[in-house]
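What follows are several structures.
Both of the next two complexes hold chain A, though its partner changes from chain B to chain C.
And then the complex of A and B:
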């Protein structure tokens, strides 16, 4: 893992530090990778429409949510080198804000989800200034504490329905043209958020800001000495990594029709996102996507198979252990070490 | 007033057991810089060992404690060689994930074998009654055993050769290796010891409260809080931290609904982490 990241840092380091915005955009447009992201997003969005397959839509929706969680968490774990165990708190809190605004205040769904995203990012920024002073394992533990504290708080918070949560009535889908239409609209919106997450991941990685973040991931003290404003950069990347998961939370729970604390702040989902990153390859843009799709497939297979349904957790654990002990670069790290030409195509 | 005092004292008794659980966590963390995320699962393992032992033989749960210690120690050594040995000295994410994978495996197997329905270990001990307030016998006994085990651990770490070797490896592994200490084996022993402590605390918790396969998570989080309160790699601090946490719980119980306790605990946890990253009870430099 560290090998590939350091080479990427070296590559990014050859860019000139000062560029105009138009230069920046035209440079990216000439690269093949952003176009791959766009093509991939459109393909995912259209696949269930062309096949006219609702169950395919549901599994792709789950995969897209996984990609959003894994890709944004990768900004923290893969780029900045900070292990965030409580990343699901963004998804859950964004979901609560979005669903609450859309139901109790009848705010437009997209606007409600965006407000959720902005609110969560702002909270994350303020909070990040505090807990990002902690290094390594202490930070990881603090993120678990944050998730559990907010979980316990929401369980007791009556305006959000306490332990039973918020149920949506059929009327809630009326502004979207009824439940049938509403589900499709939610699907397209989530796929768009997925595409934007991947572009964000690519954009961060190739920007000067991203160079600072990658430097923090390599050696924080050295980065600080070389002039990277580490406390501010860390808080910014923490806030950014919360934005799209929070927006996706609003859309996802609106689509599900119910949000309750145990589902919204489930620590297991947090860890599953880390498994996806490790499976695909941390510190890359494509890795979390591969990991998320593979994990979704695997999970579906295990849940529905006669023999393995009881042992789903065990097999996921064994898989994770094997990756950590023997293939720490993940699938993409393993491939890129053998096929160097892949670097240009799969960032 | 006396009601609050009784509640606090009971909190202290239970807190001593939390302290014991946290000692297992902090020992491993301090010696090899690995946060054992399978800690909760191992606590549950201790609960089930004592459950099946009392069920099969009918002896009191307290006589099973030495056996739990041995089982835990052996399990810990196996766990060390299977999943921890390769990740020592690698980035913190790797050891977190390796131990978490283990947690998933243990919880998954446990759920398949014992489902998630609640179990309890029946223990009857006479309590002590003072002015209408009864201090349960099991709570007193658990606190006494926890304190004895903590005391023995202290003596072991400070007055025996293996104990001194563990402390030497914790303070500087390279220097220890240069002085002829087989550090791999010492790390395995320390890991086994940490797991054994977690198992014993699980066995004691089983005599206090009903439990399920999934109970470990809550006690693991409590152990984190205690470790942070007590300071990293500091077993004496862990006991004090556990007692402090128990006091906080005891103080909170008469005033707030039970469902608010986690908010207080985790709020305290995050605040202490930010304000005292070295631990509140860290008297000596870690």
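And then the complex of A and C:
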């Protein structure tokens, strides 16, 4: 036996790595899952056009924003195992940067939103190097602190309108061909950001970087001993998880026509995003999508129901408790435990 | 024989306890060096110092010609020093293969995913986990998790492997298997530094043994020299059975 063992180990020892990035990408293109994301994204984009239904567009837009928030937060919670309670700060700050550039400087909307995304990611990286040394509850508290600090700063920042925020005039939509057209363009852009968020989530999960992040999520100390550069990786995933929410913030608040501090940095939305992740299934690509759509439906139903209209958040809290206690894998985790063949199709 | 790792005058204090005191030793290229000592002698602390989990208060660690003193564990891993833990730390939610892939991806050779998958598969095979590669690490038995600790460390293709009590908690059959595996690893050219309480195993596996007590080096020599050393016998006083088994396995 010892002979075969040593041969195997020796063979493993001489193995020389080499494979190019194009090989890596072509491998993904042959997988079914990325195509499911593309089909889903196109379907969401076209549904309200085909149905010629503006109210459907509005509810799908909200659902798409929820998917963006939940999917990117899942990179932190589901993959890296760090609960970020203040994730809404990305959305709000990106919104401010995007709206400010698009209105005061007349920057092209897409460019303005992208600058918001890059700015927020860069800030997140710097913050991340500081606060990601904290673990568990302390990290979660620090993320709330970041949100509240930026909330307070923006409330007192006059160029961004202070406590009243920034209002858009009708002229702001002229570059997009008027308000009617502008709303549709914003919708399509947000749906694209949603699709890209899901591809990002899939890409991270199936990459070497993602393997390191998943290892950190399982056991950070063990990951470090295995060679995962934990401080840098954590800061990078924190920065990445801020990018698309920030871009979406720029588009969303531009479309809304107003951005003000209390709406932009609302902790409630942060917590709702956590409920969506847990509802659908943390650590999966599809879970946050299912959770976001279900939550959007539920929220709509509760808001319009006479009995429950003031209890939306209470029910969200109860829902979160039930999931954490009884179905920690969420809906997708529950399904995949029973139907293993789903794993190939729903990552 | 040249030294792959040199520990020079290492010191580490925890509050009022001098866990490691002026400790020096070398690990030579290609050998199995045993590190033994009574409970609380500071063995695991020595490992923690070597792979960067904690930094020494003073002293120096030279690995393969590079000063790695005070470097973080992930940098030490990149230099080719891998470790299997005494208390197993499997990444429970990942598969056996993925666990090994983490070792391969982030270890000495910095492999990409596809190559890491191949390397991980081969190593899992070589330590006897070949048919469990797709199982979740959390579903393995204790013996399986011990093997996974080794497989994960080996997947990095390290130059030096630190084995921290990989035989503890295994039954006699499993110990026999593990000893064979360790011999196989050494034959493949990987140097091994191991902490072990199973005397029979460490006496038969080691080329040399360093004995520490209260953080200090008590003795160093071949297994036979160690078994006959009066200082060592004194340190293990009250545990004469331990030494009896040691003598038995050497002769």
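By our rule, the second predicted complex is superposed on the first by the 329 of 347 C-alpha atoms of A that agree within 3 Å, B and C clash if a C-alpha of one lies under 4 Å from a C-alpha of the other, contacts with A are read in each partner's own complex, and residues count from 1 in each chain.
The rule is simple: contacts are C-beta pairs under 8 Å (C-beta built on N, C-alpha and C of every residue); 3 or more make two chains touch, one makes a residue touch a chain.
Predicted model only: the values in this text are computed from it and were never measured.
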item	value
Contacts of A:316 with chain B and chain C, given as first, second, both or neither	first
First, second, both or neither for A:229, with chain B first and chain C second	second
Chain B versus chain C as contact partner of A:221, first or second or both or neither	second
Partner chain(s) touched by A:213 [first = chain B, second = chain C, both, neither]	neither
Contacts of A:186 with chain B and chain C, given as first, second, both or neither	neither
Residues of chain A that lie at the interface with chain B and also at the interface with chain C	2
Chain C partner contacts - residues on chain A that touch it in the complex	1-13, 15, 17-19, 23-24, 27, 206-208, 211-212, 214-215, 217-219, 221-230, 283
Parts of chain C lying in touch with chain A, wherever the complex brings them together	51, 53, 72-75, 77-78, 82-83, 85, 89-94, 98, 101-103, 105-107, 109-116, 118-119, 122-123, 125-127, 152-157, 180-181, 183-185, 187-190
Chain B-touching residues of chain A, taken from the complex the two chains share	2, 77, 81, 83, 85, 130-131, 133-134, 136-138, 140-142, 144-146, 148-149, 151-153, 155-156, 163, 267, 271, 274-275, 278, 282, 310-318, 320-321, 324-325, 328
Chain A partner contacts - residues on chain B that touch it in the complex	29, 33, 35, 83, 86-87, 90-94, 96-98, 100-105, 107-109, 111-112, 217, 221, 224-225, 228, 257, 259-260, 262-263, 266-267, 269-270, 273-274, 277
